[in-house]
Every structure is written in C-alpha cells, then in structure tokens.
Amino acid sequence: MRFATLAFLFDEAYKNIKRNGLMSIAAITTVTITMAILGGVDYSLYRVYQVASTLPSKFEIQVFLKTNATRKQTLALQNTIQGMPGVKTVSLFTKEAAWAEMQQEDKERRTFLTADVPGNPLPDRLDIKMKRPQDIHPMCLTLRNSARFPWIDTVKEDNETLNRMMATTRLIANLGIVIGLFLLVASAFVIQNTIRLTVYARRREIRIMQLVGATSRFIRFPLILEGFFYGCLGSLLASGIVLFAAEQFSNYVRAFQTPISEQLPQEINPFVFVLGMMVVGMLIGSFGVFLSIRRFLKRV
Amino acid sequence: MRFATLAFLFDEAYKNIKRNGLMSIAAITTVTITMAILGGVDYSLYRVYQVASTLPSKFEIQVFLKTNATRKQTLALQNTIQGMPGVKTVSLFTKEAAWAEMQQEDKERRTFLTADVPGNPLPDRLDIKMKRPQDIHPMCLTLRNSARFPWIDTVKEDNETLNRMMATTRLIANLGIVIGLFLLVASAFVIQNTIRLTVYARRREIRIMQLVGATSRFIRFPLILEGFFYGCLGSLLASGIVLFAAEQFSNYVRAFQTPISEQLPQEINPFVFVLGMMVVGMLIGSFGVFLSIRRFLKRV
Amino acid sequence: MIEPHWIRIFRIVKQLADRRLLNLRMIDLKDLSVVYSENRSALSHVTLHVEKGEFVFLVGPTGAGKSTMLKVLYREECDIQGMVKVMGFDIPSMHPRDVPKLRRSMGVVFQDFGLLPNKTVFENVAFALRVIGAGRREIRSKTPEALDMVGMTHRCDAFPNQLSWGEQQRVAIARALVNRPSLFIADEPTGNLDPDTSMGIASILEDINSTGTTVIVATHDKHIVDALRKRVVAFNHGCIVRDDPNGRYDIEEKPQVS
Amino acid sequence: MIEPHWIRIFRIVKQLADRRLLNLRMIDLKDLSVVYSENRSALSHVTLHVEKGEFVFLVGPTGAGKSTMLKVLYREECDIQGMVKVMGFDIPSMHPRDVPKLRRSMGVVFQDFGLLPNKTVFENVAFALRVIGAGRREIRSKTPEALDMVGMTHRCDAFPNQLSWGEQQRVAIARALVNRPSLFIADEPTGNLDPDTSMGIASILEDINSTGTTVIVATHDKHIVDALRKRVVAFNHGCIVRDDPNGRYDIEEKPQVS
C-alpha cells in the first residue's frame, strides 16, 4: 500500500471516531466497563490466590526431641536440619518456653495441673517450615530415621493445615482459571456485540464504498483501526479504575485489622497489569471489528 | 389509548424484534452475559456472606462452674440459661469428658502431665451460643453477677473468634454491597449502551414516524416493549446460567472435602433469584430504551 | 398530560374556532427567512398566502429553496424568522406536543420518500392511518383504496427496497393521500416517473384538489405544470420571483426543443 | 492474496489482452434474465450489445427494469441468468476479488446518489480517487475540476444532508466523472434537476462521450433524450421493446401538451 493511501486510511479512522460521537462513546464506555470487570475480577482472584498460598500455618513439621537431649545436641540438630535441602526455617521452641506457656494456659483454664508436677517434664521442640508443600512428607520420613537422628523422639506432620491449605489454593486456582476464562469470553462477546452494532449502523456506508470500487481491505482497515483504538483506550481507562479500586480496597481491608489484613504480601506489578489489559483490549477490539465486518463485506 | 392501537403497538414491537434479527440477537446476548455476570457475582457474594456468618466457632461463651458444683446444680443452671432471652443453645461439656479429652491430648503431646494427677481436677463447662453476636457481651456481664449465679466460677468470652468473624462478615457484607452496586450500575450502563446503539441504528425510522405525525408516546411504546422483552429474556437466560453454574460449583467444592465444603448451609431460593433477576433486567431494558430514545424524540 | 381536562378541551375548541369559524387562510407567511449560516440563507423575506382549496406549484432552479419552504410548512425546519401560520397553527411558537396534530392534518410526499424500510408497502400506507388512531376496519378499507389510486395494489406485500424508484414514489404519494388530509404537500412527486405516469399522478392531484383539499407541489416537471395551468410560484435564490394565478413553468414561451 | 505473484500477473495480462488487444465490445449481454421470485422477473431474455464510445439512453415506464439492467452492469445484482460481459469481465463467474477492479474502471451515478453521509462534498468526490490509489496532488487537482464541471465548487465543505436534492445529484455525477472512467453509467441523473440544469448535465455527458467514454443513461427526461438524438433502448416489463440508433423518447410524435 502506498504511503498516501495509508495516511488516508488513518485519517479516515480518526474522522470516523470524531464524526460518530455517540457510537464512539458507546463503544468506549462498554469496553471500559467490561474490561474493568474482567480486570477487576481477575486481579482479585489472583490476589486471593497469592494470599491463600502464603497463608498457611506457623509450622509444618514439629520435631519433639527426647527429654534427655541436651541443649547443645538440640542446637546441633537444628543446624543440621537447617542445612538440609528444601528447608525454609527451623525454629527452636525450648522446653522452658513450653513449660511457661503450659503453666499460663493452665492458670487460664483453671485446671491447676502443672502445680502438682515436679520440675519441667517437657521436651525441646523444633518447628520446621519447608519451601514447597510437597517436600513436607518426604522430610518427615527422613527425620523418622532414628539411626540418623538418635535424639529425635517424635516427628509430627501438620497434615490438617497442610491439606486444607493445598485444597483451598487448588480450589481457588482452578476456579480462578475457569472464572477468568469465562469472563474473558464474556467480555469479548459483549464488546464484539457493541462493535457489531456500530458496524451495523454503518452498513449502508460500507455498501456505498463497495459500489464505488473500494476493496475489502480498504474498507476494513480504518474500521479495524477504530476497533483497535476503542479497545486500547477502553482498557487503559479500565486498568486505571481497577488499580484505583485495588488501592482503595487494600486500605479498607488494612483498616479492618483482621487476620487477612496482615497478610497482603506481594503486589501485582501495575505496569504488567496495564500492559496485559491493553493487549487483551486491543485484540478483542480489532478482532471484533474484523469478525463483525465480514458479513457486510461478503456481499460484494 | 384504544384497544386497536394498543394491539398494533404490541404487534409493532413483535415485528421490530423479528425483522431486526441481528440487533435483537446482539441486544439479547449482551443482556444475558451482563446479567449473568451481575447475577453470578451477587449470588456468590451472598453465598459467601451466608457461609461466613454461619461459620464461627463451636462456642461463643464458655462458663466454667466451680469444681464443687454438683451435676444437678449444673443441669439446673443450664436450664436457667437456656430460658434467658437471646440464647440459642447451651451445651454441657462435662468434667468427665473434659478429663478424657485432656488425657488423650496429653498422650498425643507426650507430656504425661495427667498421669501424676490424682482424680479429676476439672470443672463442668457450659458452652453458650447466642442468637445475635451483639448480645454476647451483655450476656457475659449478666452471668458474671455472682450473687445471681453462685455456682459460676469464670465466664470466658470468645473474643478472638468473635471479632474475627464479625470483622470478616462485615467486610464481606460491605464489599458485597459496594461490588454489587457497582456491577448493577455497570450492567445497566453496558445494556443501556447496547440498546442506545439499536435505537441509534433506527434514528431515521424514528424521524420518519415523527414526520408522518406519530406522537412521541406512539413511537416510544413499541421500542420500550422491545427493551422490556430483551431485558426479560436476557435475564431469564442469565438466571439459568447462574443457577446451573452454582450447582456445578457446589458439586465441585463438595468433591474437594475441604472444611468449607461441609459448611454450605441455606440455599438461595431459585424462584426468588430468577424473579429478582427478571425485575432488574426488565427495568434496565425498558428504562434503557426510554433514556436512549429521548435524544431522538427531542427534535420534533 | 398534566394539564386539566377542561383547559385542553378549551384549547382544542379555540383552535377549531380559529380554523373553521374565522375561516382563516390555509397558509399565511409573512417575511419568512431561513438562515443556515451567516452567508447562506435558503429563504429570505418570503411572503405568501394560500387560501383554502388552492392548487399551487412551487417551481425554480435547484437550490432555490422550494424544499426548505415546504419543510417550514410541516415544521421540519423550525429555526426560522418571520410569521408562519398553517391551518391556524402558529409554527414558530408551537408547542412540540401539538406538532403531531399539525402533521396529521396534512399529507406530505417527501423528496426522499421517507418509507419505513422495515414495513411492507401496505404497512407503510396503513401507518398514516394508525397514527391518527384509525380502527382495523377503516385501515382495511382505506389502505387498498389509496394503493389502487396510484396503481400499486399488486406490490402491497413488498418491502420498499424491493421496489423500483418510481414505485416507491407512488407508495409515498399513497401514504400522503390515505387519511384525506386538508392540506396536501408534495416535494417533487413525479421526479422519478415517466411522463405518462406523471400525468396520471397530476390528474389524481387535480381530483383531490377538486374535493376541497389544498395542494402544494414543488416540482421541476414542466409538463404537468404547463398542462394543469394552476397557480405557479417561482423561487430563485430564496426569493419569490413570480406568482402567477394561471401560470406556466417558464415565463416566456420558449420554443420547444425537439 | 495467497496465489503466487506470477499467476496474478498472468491473469492481469490476460484481462488486458481480452479487453484491449481483442478489441472486445464494451457491453455484451445475451439472453439475460433477472428473476426475483417465481412470478416476478425484472428482466427477461434481454440481448444487448454496446460498442466502445457509444451513448445509449435506456427509457421505459417505471418498473420496466432499467435500474436492474444497470445494476447487473456494475454487478450489484448478481443473481442472474444468461451471459453478461462488461469490459471483458464475465460478470456471472467473476471472482469477488475482481469486482472492485471492474467498478473502478466505470463511473456510476446511483438513483439514490449513494453519497457518504459522514463525508463532505469534497471528500465524497475525492473518495472515488482514493479508491484507485491516487496521490495527494492528483486529488487536489482533479476533485475541484470535477466539482466545477457540475457547478458545485462553492459547496465543497458541506455535508450531503446540507444540500438540496439537485445539488446532491450533481455531487454524485461529479464523483462518477472524477476518475475519468471508460464506462459511465447514470441512473436518472437529471430526475431532480430543473430543465436548464438538466440540459447542462446532458451537454457534459455529450462532452465526455466525445472523448471516447461509453455512456449509458437510464432516464425519464423526455427533453434531453429528444435533444441529444442518441441511441435509445426502450424497456417495458423487463423486455427490450425498441432499439433506435437516433431515437426519441416516444415512438410516434405525440403533439406536445402545452
């Protein structure tokens, strides 16, 4: 295509947008709202997923040492475990701390059990966290090897918390994908419908252009540019809305001081988010025009 | 209006829908999708709210009796409390059960505390649930009146669970309302945009009718009927989609066997849901036409 | 809608009185100007009176302002200066609610026909009756009658885009005639018809004029103007340049080109 | 788009050969029928040949099939039976991709003008040049020229809905002329013009015909047909009833009504 023609087609798209005020506004607001819903829901789902996968448990494996293990042996064991592959943290819960906690609990519960007990009968305890949930079980098996770890009495796996967490994150992840995809398709459909109506309103013009000898490409190009522009601008506005709402939401949740509020870890990179939204919007917009216009171009 | 005219206007709306195939389909699918998203999100939010507000805690107030209270006195107290206003359930956790539980726990924790204790030092306990969360605190104050309840030793309020629950449900409820309203407005906007485009595509026809002497009412009525129909049919389809998805979702969650899955209590009455959706859809549809058409009728 | 019933009745009675009893002119224009932009005016200072029952041809070169003139009469063009009274309605100060009433008592053939594309020929013609609230029986008897007058009965189930240009024009004429208006306005009603059909339409117009209907026709059709010898008002550049009670299309008798 | 370059080039060369070297007829119809439904046919068994450089009037009563005939030529109506060749293109078997090429080498004045409502007069006329890929300089010189020919230069920034009917018609004529087509087709180009302007348009058509362009005009305008004395093809009920090399609008000399 010659440069003059190309310049003309761009100019054409620009004039179309300007001279069809009502339609342009309708298309842009529809794209904005739809993309805001799509982006908002996907953003939230991803956030919830992020939070859910970092939520679990103060411990994952509890290692009770023998009561006669010395502090030195305990510390040596802690070091050994810390050095093992896949381990995130190993924290020591000393028998003294355990005893103090129990006495406190006892007092609160008014059971007065500890009063009659001479000395401290409790063992030291090591709380282990692993890097990946699936490593927890193998780790336990290793630790239960009493030949290798003679001072270990019992190894307790936090099965319940673990399962719950794994199930929940799996659930959220799966649902998120289903809902996200559904919303994507739904948005594409709604935007496509709107664009189809704007093309429909111009069917006579398209027909005239054909009769004057314009090729399909010549007619299509400015309209696709237009759809591209709608998608672009709409997504940009939508990203703004979503990021603003997310900010407000974070503040709101933080103000609540619920356990969730302490756990809002990583942020989604806003740049990546805006970019993603724009790409999706532009694709839906321009492809929407492409699909809509076909039926009108078919009749040459 | 005469009956013949009214019949004509209905016929008119019917023919419009039939003869503008593409526009009708576009309008109906947009309404369907938008209402499905609106309905789906609102439905889910309401479900989560329902679940969240029934989730909390096995107990809300724990009443520890004096260790020397007899079982008869305990039962009498239970009866008295059960009869007090605002109380939902009062369950007795006997000292025997408590002792057995403690021994079991002890064995599991390998602390061997209970072994040295002669007899059962624990008191009976009453677990009280209130009908409304806000009654919990006053109830505790009442029970702490030792003149009225001499056999009560301590009254413990489950503050943490309670606060957490109240905060979470409040959060969900507030967010739900904000999101629900936002989506309602957004859907109304998107549907209104689509309808505006279908009206826009017929602006010439509207103009011709005006020039032939049709009153605004005469022009508006079939178009509003059309919008009403789009809203109606779209919402109906959307309700179907949402109810079907909800069913699938419940099954899916149940299959996961997570703690949530045991707690899917009340259902939303599908009839009420469909009705609500239809009313909203019809209002948006017909009102959307009303607003869209104004600008075209303004120029007489 | 919110005004009391009796005020409405009073207003209608007054209008009837204005129109019938005082025997007002059908059309009364004084110093009418239509200005589109500073340097473009479609009509300037036009004064014209048309009595009831007259038959008037508006002629003039293209762009002279004939269509604008007619648009003022049915109040499509309402951004005007000057006095305009049509059937007793005061066009510039008219309440929008009364506009349909004005238009229902006239029949208009638009230059672009203005047929509803989604309605069949029958429905298009019937629409003019629907609008005045006619009953089913009335529609069933009057619509075929009007279609028959212009010779379009055989195509009554066709949609406008399935008709030839001249056929559409005839349907538009049928629609304008069907509710027996007291004022008939036609913009170029024979522009796309062959001479024979044109003469047929001209004689229909003469017929309805003879039953008392006022007829105003803007036209370029020399033949029918010269054949009917009615009042001719010639426009040029938005001004009336000639008003001849038994006129021809041209002033001087040019020799026929043949 | 996916066919190799050389096939494309071969095809184009062959078409050129067909059209130029073999010196084919401009229009070649044999036994053409257009049937809309069982009992309605717009054209039946029409055979017509038009040589390069001819000037042909199509006349006939309304609904005779003139517009349908023209629509076949620019392939708007393509549900046809029979043989149709226009400038060497075989209309019924034509690949959709080649249709723009056909239309670019002809200029068409549509009966409904077909102006783009969102473009100014200038842009509308320039569009016919854009379509053939004309450069900026070409557009700037040719467009005002064409507008000048029909006397519409002064309104070049107006939108079509701001023009009178006759002005729109002239813009449509300018658009059809602007890219100097080798076949000029006009459907009722003077239907809304006063006799003087009509004669002006007729002489423009005569001029472009004298430069070698083939001109085909469907018309009801007795004056210009009788004035130009060109070939007249008369239609009635979808058949050719007369083909007269130096004809008039009517067969017998009816006495002029005046």
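We call the chains A, B, C and D, going by the order they appear; numbering starts again at 1 in every chain.
Operating definition for what follows: contacts are C-beta pairs under 8 Å (C-beta built on N, C-alpha and C of every residue); 3 or more make two chains touch, one makes a residue touch a chain.
Predicted model, so just to flag it, every value in this text is computed and none were measured.
Listed by label, the chains touching chain A and chain C alike are B, D. Distances between chain centres, each the mean of the C-alpha atoms, put D farthest from chain B. With each centre defined as the average position of its C-alpha atoms, the distance from chain A to chain D rounds to 62 Å.
Our note on geometry: chain C versus chain D, Cα centroid distance of 32 Å, whole angstroms.
Chain A and chain B have Cα centroids lying 24 Å from one another. Taken pairwise by the contact criterion, the protein chains form one closed cycle in which every chain touches exactly two others.
Applying the touch definition to every pair of chains gives A-B, A-D, B-C, C-D. On the side of chain B, the complex with chain C involves touching residues 2, 4-5, 8, 15-16, 19-20, 205, 208-215, 218, 300.
Within the complex formed with chain B, the residues of chain A that make contact are 22-23, 26, 29-30, 33-34, 36-37, 41, 64, 102, 110-114, 116-117, 121-123, 153-154, 164, 167-168, 170-171, 175, 183, 186, 189-190, 193-194, 196-198, 200-201, 249, 252-253, 256-260.
Within the complex, the chain D residues that touch chain A are 74-76, 78, 96-97, 99-104, 108, 110, 114-118, 127-128, 130-136, 175.
By the touch criterion stated above, chain C contacts chain D in their complex at residues 36, 59-63, 67, 111-112, 162-167, 169-170, 188, 191-197, 220, 222-223, 226-227, 248-249, 256-258.
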